[in-house]
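Common to both upcoming complexes is chain A, partnered first by chain B, then by chain C.
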Partner chain A sequence: MKEIEVALIGNPNVGKSLIFNNLTGGRAHVGNWPGKTVEKKEGRCIHKGVTMRIIDLPGVYSLTAASIDELIARSYIVEERPDVVVDIVDASNLERNLYLTLQLLELEANLVIALNKSDIAEGLGYEIDVKGLSELLGVPVVPTIATVKVGMEELKDAIVEASKRGVKAKVRYREDIEELIERIGDILKRDENLTKKYPARWLAIKIIEGDGEVMRLIEERGLIEELREVIG
Partner chain B sequence: MRMPLGLAPENRVVRVVEVRGGRGLIRRLSELGFLKGEWVRVLKSGPSGPALVEVKGSRIALGRGVLMRIIVECVPP
Partner chain C sequence: MSVREVLGEEPEVAMAEERYRVIGEILSKVFRGARPLTPSDLLDKAFLNRGLGIPIFLALWWALFRFTFDVSAPLSDLIDIIFSRLGEFASSLIGNEWWSAFVSDAICGGLGGVLVFIPPIFFLFLGLALLEDSGYLARAAFVVDKILRPFGLQGRSFIPLLLGFGCNIPGIMATRTIPSERDRILTICVNPLITCSARLPVYVLIAGAVLGAYAPMAVFTMYLLSIVLALLMALIFKALIPYFRRGRRAPFILELPDYARPTLRSALTHMYERGILFLKKAGTIIFLGIIVVWLLSSHPWGAPLDQSYIATLGRWLEPIFRPLGFDWRGAVALFFGFIAKEIVVGTFAVFFGLGEEAEIEEVQRSIVELGVFTPLTGFAFMAFTLLYIPCLATIGIIYRETNSVKWTLFTVIYGLILAYLIALLIVVIGGLMGLG
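== the complex of A and B ==
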């Protein structure tokens, strides 16, 4: 039987643990991330002949790697490349939550969005254009209410479908930035081992941002001199 | 009246006017929601130690040093 790896991620308090329990039936293997004291929860879910290994990532607002939790979440997604990443978004607080979504799209994760706490959003009078959001971001969006298990079957369906389809969404920036991304990407691609491990486009974006972790990596690989000519 | 967030009274909605810090701090705080023009509210604070602040629908704990670098406008009630 086919087995896929599915990571759950989202801002703190969006309902990750509840969704994890709903998907896995509460049966979890609890451990620590290697070398860290942050809890790692792993469980299983079988749906339509597909076994999903589900991993609960720490709640984070961003993936800048400014805290241990962010570093764990980011390294996991970049280095382990799970088949599907479920981005759990608080429907009652979209503006804040979509920031992480954009960072996940930059990472070229194979995303499915769970629009959780839909009941709270509705109570506040929000009418979210789910289809529009899905088209805009280029990823499936499934409304859920984790407290009463609404949307869980649809979420599992979307995960299985996404695992078959692979990544298709990408964030595009202004033309001059896109040009810069391409020029940096060309330099990075000379280091095959590096771009086998990390998406070249993502590295390029992080280099433009001056991301500490990525700059250190670039320095280690001895690419900094060549890049200086492009980024100054 | 302008003051650092660390001196703002509890439960008053105030507005961020400036973050005094380097690129890294400004970026980090903006990711947490502390952007210029944003309304925020101190929920629990004291003369020292961290404070709990509500921003963009989340509650976030900030250390004293950072609290003094976020300048807010406090409108009299």
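== the complex of A and C ==
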């Protein structure tokens, strides 16, 4: 039987734990992230002949190198390359939640969005064009209400479906920023081993931001001199 | 085109703005609806207002301190009286002179000297817990972030510093919420400069004794000096120590929870958890410290104080403190103050043969009569007390939280040097101005 690896991520308080429990039936293996004091939860879900190994990542607002939680979440996605990443988004607080979504797209994660708390969003009088959102982001979006287990079967379907396809994220930034990303990306591609392991687009954005971890990596690879002209 | 030309001086912030611009564009196409204004939003309009935010913050802070000191004062007095009576009662029951003095002066006096600090500390933590549970403390951190930034600190440094006014131990422990390691260590390093509640009795004692009508002003000056020096030292460390300059500042992202009515149960739990840390320290280190002071000052048994072991120690220390104008008594009080500031007042009381539970007025009278301090050296003594390491337990917690002998020693040593320099400065400048 086929086994796929699925990571759950989302801002704090979006109902991530509930979705984890709904998917795994509450049976979880609890341990620690290697070398860290942060809890790691892992469970299993079998759907239409596919076994999903589900990993609960820490709740985070962004993916900088600033806190342990964010570093754990991001290095898991970067290093382990899970087959599917489920980004749980609070439909009643879309703007803030999509900030993490955009960073996951930069990472070229194979995303499925669970648009959770749809009932609360509806109660507030929000109208969300789910199909439009999915098209603009280039990833499947499944409305869910984790508290009453609505949308769980659809979510599982979307995960299995996504695992068969590749990534085709669409989001692009301002023209001059995209140019920078491309120029940095071209320099990075001289180091094949590096870009085989990490998405060049993501590395380029992190270099632009001056991210501590990535800058160290670039220094180790001896690319810092070649980048000097671009990063100033 | 380089990164700087495209995105300016802060590319990380510019990228964040760009992401939000893209999000805005997406939402304009697929999202309809306006968030209804909740009571929380309305409160935030006032509390986070550019003009009103800081005055409201200062008013609430002031209210918190009034609450702490006014409510706890009668309870502290009550504890003082109970232990003083208990001491008298115990000594009247015991025939043996040594044991009688030991039980009344050392044990009852020692316990009483420690327990009087429990009401203010617990009430401060209760007040903070109420502010925290109501959701305001997160806003306060937000409001002061702008003020703290230029000093190399940030909004999250604020709660640890605020807690430091109660006790530096929970203050230092609260730095765990600061995600950036550099900001966290810097906040830990300057936290001991925040004048904890244990230092207040020393100010009250000395100021009341030698500064007369200027006493309240002098005590207030200590609080001001505490804040100014904590910020100034943060600025200096940031400028001089390469470790604090390396890397970028972490952006300050803080989720503002909805305002809520605080529950008594949760506030009491918070108060208990933080207060108990102080109690543990008090129950062991301070209590033992006071007993040691009593033993050293009353032995050889029967000898007058100026021939006791403690006087010998004091004379040995005196040359170090002579430039500051402190005599052997001041030197010994500061020496034991290293264990805990709570011991300083008790040490003076023991010196004048008044017992630990002596009324503060009696101790003050003796300080004046024996000429221990002039107004100027008294003020310098207060500043010294403010600036050197608060207590042994604080050193322990700094080590535990930084996990570094280097940072622990650094904090202890710079505190001692700063204390000496500022006290010397006060004495020298005051002397030149003809005070003293």
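Structural remarks
Criterion: the second predicted complex is superposed on the first by the 231 of 232 C-alpha atoms of A that agree within 3 Å, B and C clash if a C-alpha of one lies under 4 Å from a C-alpha of the other, contacts with A are read in each partner's own complex, and residues count from 1 in each chain.
Keep this in mind: contacts are C-beta pairs under 8 Å (C-beta built on N, C-alpha and C of every residue); 3 or more make two chains touch, one makes a residue touch a chain.
In this text the structure is predicted, and so the values were computed from the model without any measurement.
Applying the stated contact rule after C-alpha superposition, one finds that A:95 touches each of chain B and chain C.
Contacts of A:24 after superposition on the shared chain: neither chain B nor chain C is touched. In the superposition on chain A, contact of A:110 is made with neither chain B nor chain C.
In the superposed pair of complexes, A:177 makes contact with chain C only, with no contact to chain B.
Comparing chain B with chain C, more residues of chain A are touched by C.
Of the two partner chains, neither chain B nor chain C is touched by A:144. Once chain A of one complex is fitted onto chain A of the other, the partner contacts of A:126 are limited to chain C, with no touch recorded for chain B. In the overlay built on the shared chain, the residue A:118 is in contact with neither chain B nor chain C. In the superposition on chain A, the residues of chain A touched by chain B in one structure and by chain C in the other are 12, 61-62, 64, 66, 95, 99, 210. Of all residues in chain A, only 12, 61-62, 64, 66-68, 94-95, 98-99, 102-103, 121, 124-130, 132-133, 136-137, 171, 173-174, 176-177, 179-180, 205, 208-210, 212, 229-232 touch chain C in the complex they form.
For chain C in complex with chain A, the residues that touch the partner chain are 1-7, 11-12, 15-16, 18-24, 26-27, 29-36, 179-180, 247-248, 250-251, 253, 255.
Those residues of chain A that touch chain B in the shared complex are 11-13, 61-62, 64, 66, 90, 92-93, 95-96, 99, 210. Taken in their complex, chain B has these residues touching chain A: 23, 27-28, 31-33, 56-58.
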